[in-house]
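A quick write-up on the structure given underneath.
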Amino acid sequence: MTDVIIMILTSIGTLFILIAAIGVLRMPDFFLRLSVTIKAATLGLGFIMGGTALFFLEFSVTAKVTAIIFFLLITAPVSGHMIGRTAYFTGMKLWKGTVLDELKGKYDRKTHELTSDGDHAQEGNDPVDEL
Amino acid sequence: MTDNLLILPIFTHLLTAILLIFAWGHINTQRVLSLCGHIIALALSFHLFSKTWKAGILTMQAGGWKAPFGITFVSDTLSATFVVLTAIAGLAVGIFSTVGVSKARMQYGYFVIAHFLLMGLNGAFLTGDIFNLYVWFEIVIISSFVLMTLGGKKPQMEGAIKYVAMNMLASAVFLTAIAILYGLTGTLNMADLSLKVAQIEKKELVSVTSLLFFVGFGIKSAVFPLYFWLPSSYHTPPSATAALFGGLLTKMGVYAMLRTFTLIFVPDAFTQKVLIAVAIMTMFTGAMGALNKTSIRRMFSYLIICHIGYLIGGLGLHTRVALTGVIFYLIHDIIVKTNLFLATGVIHKIRGSTDIRRLGGLYAEYPKLSLVMAIVFFSLVGIPPLSGFWPKIGLFQAALDEKSYFLLGGFILASFFTLYIVAKMWSEVFWKDLPKRAEETNEFTELPFIKQVWLIVPVVGLALVSLYIGLGAENIMVISNRIALNMIDTGYYLDAVLNK
Amino acid sequence: MLNNYLLYVILPTLSIAAILVFVRFLKGPFTLDRVVGLDFLINIGIGIIAIYSVVTDHSAFLDVAMILALIAFLGTVALSYYLEQRGKQ
Amino acid sequence: MEYLLIFLIGLLYSSGIYLMLRKSMVKLLLGLLLLGNGANILIFLMGDIAKGQPPIISKDASIFTQMYADPVPQSLILTAIVISFGLQAFAIILLKRVYQMTRSDNLDTLNTQEVDI
Amino acid sequence: MQSTILKTATNYLLPLLLLFSVFILMRGHYESGGGFVGGLVASIAFVLHSFAYGLEKTKILLKYPPMSFIPIGLLLSFSAGVLPMFFGQAYMTGVWSKDPLPVIGLVGSALFFDIGVFIVVIGVTLTILFTISESIDQQTN
Amino acid sequence: MILAVLSGFIAAFLLTFLGKIFKGRLAVLLGLLPLSVFNYFLYFFPDISAGKTFSFSYKWIPSLGINLDFHLDGLSMLFVMLITGIGSLVYFYAAAYLQGHKYLDRFYAYLSLFMGSMLGLVLADNILLIFIFWELTSISSFFLIGFNNDQAESRKSALTALAVTGCGGFFLLAAFVLMGSATGTYSIESMLSVATALKASPEYGLILTFLFLGAFTKSAQFPFHFWLPGAMKAPTPISAYLHSATMVKAGIYLLARFTPLLGQHFYWNTTLMAVGGFTMLYAAFHSILRKDMKSILAYSTISALGILVFLLGIGTQHALVAAATFILVHALYKAGLFLVTGIVDHETGTRDIDKLGGLRRWFPFVALAGFLAALSNAGLPLTFGFIGKDLIYETTLHLGDTEKYLLTGIAVLSNIFLLYAGFSVGIRPFVGPIPESLVKRPHHSTLSPLLWLPAVLLGVLGVVFGLAPFIPDNLLIRHAADAIFNGTTALPLKIWHGFNLTLLLSAATLMSGVGLFFAFRPRALSSATQYWMAKVSPQGISEGIGQSTRSFATSYTRLFQNGYLRSYILTITVFLVGLIGYRFFTTVDLRVNTSSFTEIRFFEFVVFAITVAAIITTVFTKSRLTAIVSVSIIGYSICLIFVYYGAPDLAMTQFTIDTLTVVLFVLVLYRLPHFLNMSNRKMKLRDGLVAISFGSLISLITLQALISPANKEISRFYADNAYLLAKGKNVVNVILVDFRGADTMVEIMVLTIAALGVYSLLKLNVKPTDKD
Amino acid sequence: MTKQFLLNLMLTFVWVALTGDLSFVNFWFGFALGFFILYIKEKNDGDVKYFVRVPKILGFLLFFIYEMIKANLQVAYDLVTPKFFMQPGIVKYPLSAQNEFEITMLSNIISLTPGTLILDVSADKKVLYIHVMYLKDKEKFIRRTKEKIENRLLEILR
């Protein structure tokens, strides 16, 4: 019985990851790709970890698994935010189908400070793909 | 029987280094600490040597795990001799450094790294485990990287890039060789390796592996055609550092080669040929390189290479006589090469340059100092009865016994060019009048007397040591003889390490 | 049964996902795409390791997964931090 | 799988050397990195291979009751990895310093001091 | 870099990572882990802090310069190795307590050795990374 | 005895510290040193004359078979007398000659060093000991020739002399070592008992070759003679002592000493006769072309040395006696001539025979000395020189029919030239009118007797020995000849042999020489001739070789040390691949045995494939960051491989380290410019080939090593005892902190050093004012 | 004060969980360790009350998982079908949350929900910039997020 549950859990997790992987490959702009990865991976991993915990059914393993999930939950959105904002700074172009960009011009180019209103009227620079 | 004494020289330097880090930035404290460390290390080394001499071979099984399971530290006569030499050279450089190294460098850890370097050398000489040897090698390498770049300007850094790249390549090759050797034997203890390698039926693969070791150590000991890092870098660091490098660093590669090619692999005919050919080319290349140099430090750098040829050649001959010569030569070379660079440092202090075209008149101005330096230089040449002469007898004899006339030719050629180059250098630097220059700065005379003494004492001291090696050659000869005997007949070593 | 399923279905699927992400990594086009790809690859790696620990019945491997989860974050932060710093100039 | 690893070792050594033969300092370092990785796998391969069996004695036992991977190469690699990390960290910074001084990544320009033969 | 989110996350991650690092250190003898990885995790905690809050704040947090950790760690590891020599045993011989202590289990010189490693690794990693960050900041200014 | 030998060294040592005392007038006292040694050896005369020999032995380096073994016999005695006797004269002479010289103390130090070495050389019984003193004479000669070290010419001459004699020295060492191993002893005495075996040994040819190289360079035989004229840059007392009477005769001594050992052999005789014969004629001819008195003497000395070699080559009883005699003859008159030349130079400031004349009016005693020496040199009857020349002719005339005429002819011709040379130096400056351009140097009102007395003494001795040849014969020459002959020679020296062919030849020599003296004066050679002569002379040739060696050295060194790191690495790699590849493919038979290999599973293959792709990306990408990130992917994939193979600790560490490395790279490199595509296709192809062969070789070796599995008893020991003995369950960690804890201790020190290095690298900026 | 105590407690529990040793001594060791670490940390935040409202949390958690799966399926469907029907955009979202902790929690949760990603918080902490994948109506999105996520979260946290 547990085996079946494990199989289901891992399958769901794997599927999420697979879908996210396809997303990473297929999505037309960077922000979309980023968006897809961060959470699908987290969710997928969560299921897989759940399955793992179920398999071992040991306190120490469960604790480890919980720790991993907990960690991913904290870090994944933060790194998504970090990368996303860097992408915006470096002038990453949005997909042509994008309907709204309220962030445009809100960053101070010098200090990278972000305002909640008022524009720093400036053009975005070209995407940087090179260090 | 475990004897903790033999790890004490290592510990002395380690502890000194740790204390020096605690005293980070306090130059005077560091000076005193460093000197104390050197002196204690020297005393312990001599004690270790005399104990080893009496007992034959001392071992210490780290962790109490008997060989081949733990890491064994072994002090046989070869190791103990090297430890003593390291301590002597270390003390000399240490004294020199107290004045000869800039304050800025001291503030940024010169002394710490120097002690780590010496510790690494001691470790390499005392370990009986091939992987542990690798680890000590790395200590020495990283320390030398730091010393090489410490406070460096552009040329020093440029040299350092090349030095670092080629030494790391050497480490990779060494590691590869260790891996394959482990795959073949399943052990890392050198004594055990000796037994296991002998048992392997597929000797061909052993020979291939041994050549990998040869290349790895060959880069480190700067043999032809693997020597490039040395002339690219050795003339750049401060004299004290150069003295450590010139005297000890390449010798570590040679030491490793001596160990592996006597204890683990006994060179087969092919390897012997390779060693001899490489030796001849090394001597030739070193001589050619040194011939036209105008900077005396560059000149000495090439002479280091040239003289490595003697050692490799002797190893290639692999007879007891040859090995005796090799050991004697090594003993002489460590002391003299160290002193050579220290002397160069003094010259640099006096004249502000090491370029022959800007040097001269030292003999007229500093006759006594010149005399001391003459001892150093002519010891290097091997004018009898100075120290460099005695080992040549053995080397010549071995080359003749083995009918290796090309190698003999190489020895003669190297001796001749060394003689010529040093004599020419002498004539230019000491005899020639000082060329006219725009500004005349003599940092040396500006120093207070006591500081002058600190610079001169190590040069004089080492010169006396080399005089002793020359005139008291009998003692050195007896030591070399015993070492060579133990190299040819490794049974004693194996018994000491494995059966206690 | 479970073992075989994990070995012959789950692990290969995760591997395929890794390949897909790796293709994105190769394609870029931007450095940040590679950074994201790297991050994702590590996540997939965590999954693979977890499954592998089940397959081999060795929970020791989960420690590796844990370290991966802890540390991958730092790499991503560092990379984006410095890409941003560079953007400032 | 050993075949793949052997191939990988060869590839790592080859590409390591190839990168070291370029003119770029950064490539030189990357080459050293690859070479180090190759050496590590080589050491690894020289142990007794046991898939999925870490050399950790299980909780309730005091000796091994099953197969285990050869622990010696593992510990050697651990040491080697750490050591090469130290060396590489230093080398990377050195590279930075040299770049600061010469404003060039081109190794060929680093021979001002070797001109004087 | 001024990111509120990162800062807040770091507030929670830092203690967690430090806790983890000790955990990894302690269990090394029985399961995967050990002083080295533990030390790295601990240093990563501080590096993360420096990313979020800036180097100066992290230095204040650490109170002592990271380099001062190094000799302490070295001395500890060294002492753990030397200790048995005072009992007439070889360098690095394991010395173990008779009875297991709670939580940690048997206390032996190996543990102190590993703690030394842990401290050195923290000192080393932070020294390297902080020095670089500082030099970059200097350049930028 | 040892004190006598070492007295020179002790004096030299003391002089370096107490030299100041003897800088002034007290320098004369130093002459007591050689004089007392001379006296010491005089005590041995009665016994030596009675045919006795003395041996002394002191332990030094028994391990090498080198002991301070001294042996005093007739041959040694002859040389000891020359060394100490002429030495005493030179010491006194120099006190006046170099009076008030700034570095007089150094001069005496070197001179004492030299005298000691020379004494050691001729007294040593151990061949290695001989070699030691041999080299010491070379080195002290180097310092003496370069005594006027502010002059470039002096320095160059010193260097040339050292290079030639030093080079010969190394061959001599080879010869000695070879003799030692052929006979099992380094003692000449002991070797004599196996002389026959030595001559028959296969190494005989090689020994001779090496020995001759040593002897010929030292004794300035053609074509190694060119250093000797250059050595005349030394102050005249030096020239008199070293380069005529003693040091250059070291080679002769050596040949003489080894005659009983190695002589009487076809190779020996032929070589010595050919080289000596050619040298004596060649140098004698050259001597008459010179105008500088010292130069003339230099060439005539070379010629005289040639004669000696020639005589030793002939090797008959006659020849050996002649040689022994001629050594003494030549030493007496040549030293005299040198001292005379020195006085002339000292007092007039020139040595050009064209500018000199009539000096007998200014310096009558000197003129006397010059005449006596020149006459002895000329072989005028009743001089000692006559006896010497007589013996030479006697020798050649006693040869077989084939060689007789040729060799006698050469000898006569040489002697004619030598006579001319002797007259040019000893007579010409003193006769005729005083040229107007010649001015007496004002610095001495009267000529110090210390200058002229030694010269006169030498001249007088030449006459005394000529009149009473039995004195030198009984005291010295016979025993010397006996020693060379290794038997008893029965050829007493006589003033008069009666009218015979020899006398006729002597007379002819005398006449022709005197005739030549009046008929011929050397003229300045045309520049073309000078150029041509310089070019084909051995000196010119050797300088040419030196020059081309230097330029070869430069291009050879540049070829390898070209400043390009990649070329260095390429060389290293090619060497590695070549050497090991050759060894591998010629010896190892490739085996493939996959039975023990594990299967490949899909997910494993994927990791492998990703690694490969990442490696390829790293190598070929044009973006630096992509390369760095790719490297980290490689690292992470390897981490997965470690997991697959049951190495969780490794995987953890690999992963953390890899991440840190990436962070470091990014921190450091984010400002660097783009990769440049700097290599052309051809270079890439070449490097690629080298790299691939390197990698393939490693792979192949790995494969072969993998097929021969080893006994892993150590791993088993660790696994079995990790918990039981070391109280840990993670065996890897137990190895790290316990079994192999010493490694880990070192490992953290590596990290420490790296951290300190990074710190200093980034923080320390040495200002140009900081020096070290 | 309270917060530090709670944080300490949390660390203690994590420690106990990690070591898997539920003994009394281990608990105190973990507490001491946590105390030590916090002491090192030595920093003061605004005081936030830690009233753990278990039912609310559980409800929120369930809602969150439901949202996640739903949105994920939506993305998945979009991905496997050849044509994209997404309408991405970056939305300025006015915050009700005030302190850093609340903002962070909120943004993490928003980010973890598929289809939305926090790009940044304004310097004055009044506005979130959210990248939204399926942005049909900006106002509706803001309203929905406020009601379903932010308000519920704040209820739990405050």
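Here the chain labels run A, B, C, D, E, F and G in written order, and each chain numbers its own residues starting at 1.
Operating definition for what follows: contacts are C-beta pairs under 8 Å (C-beta built on N, C-alpha and C of every residue); 3 or more make two chains touch, one makes a residue touch a chain.
Everything numeric here is computed off the predicted structure, so don't read it as measured data.
The minimum number of touch steps linking chain B to chain C comes to 2. Comparing the CA-atom centres of all chains against that of chain D, the greatest distance is found for F.
Inter-chain centre distance (chain B to chain D, centres taken as mean C-alpha positions): 28 Å. Centre-to-centre, using mean CA coordinates, chain B is 26 Å away from chain F. Centroids of chain F and chain G (each the mean of its C-alpha atoms) stand 86 Å apart.
If you average the CA atoms of chain B and of chain E, the two centres end up 36 Å from each other.
Across the assembly, chain D contributes residues 16, 20, 28, 38, 42, 45-46, 51-54, 56, 72, 78-79, 82-83, 86-87, 89-90, 93-97, 107, 110-111, 114, 117 that each touch 2 or more other chains. Touching of two or more other chains is recorded for residues 1-3, 5-6, 9, 16, 20, 30-33, 36-37, 40-41, 44, 47, 67, 70, 74, 78, 91-92, 94, 124, 128, 132 of chain E.
Touching two or more other chains at once are residues 554, 557, 561, 563, 565, 569, 601, 623-625, 628, 644, 646, 648-649, 652-653, 656-657, 660, 663-664, 666-672, 698, 702, 705-706, 712, 714-715, 718, 729-730, 736, 738, 740-744, 747, 749-759, 761-763 of chain F. Note for the complex: chain E touches chain G at residues 2-5, 7-9, 11, 14-16, 18-20, 22-23, 27, 61, 102-103.
By the touch criterion given at the top, residues 1-3, 5-6, 9, 12-13, 16, 20 of chain E touch chain A in their complex. Residue ranges of chain B in contact with chain E, taken from their complex: 2, 4, 7, 11, 14-15, 18-19, 21-22, 24, 60-64, 70-71, 73.
Of all the residues in chain E, the ones that touch chain F in their complex are 28-37, 40-41, 44, 47, 67, 70, 73-74, 77-78, 81, 91-92, 94, 96, 106, 108, 110, 113-114, 116-117, 120-121, 123-125, 127-129, 131-136, 139. Interface residues of chain D, counted against chain F in their complex, comprise 1-24, 26-28, 30, 33-34, 37-38, 40-42, 44-59, 62-64, 68-72, 74-75, 77-79, 81-83, 85-90, 92-97, 99, 105-108, 110-111, 114-115, 117.
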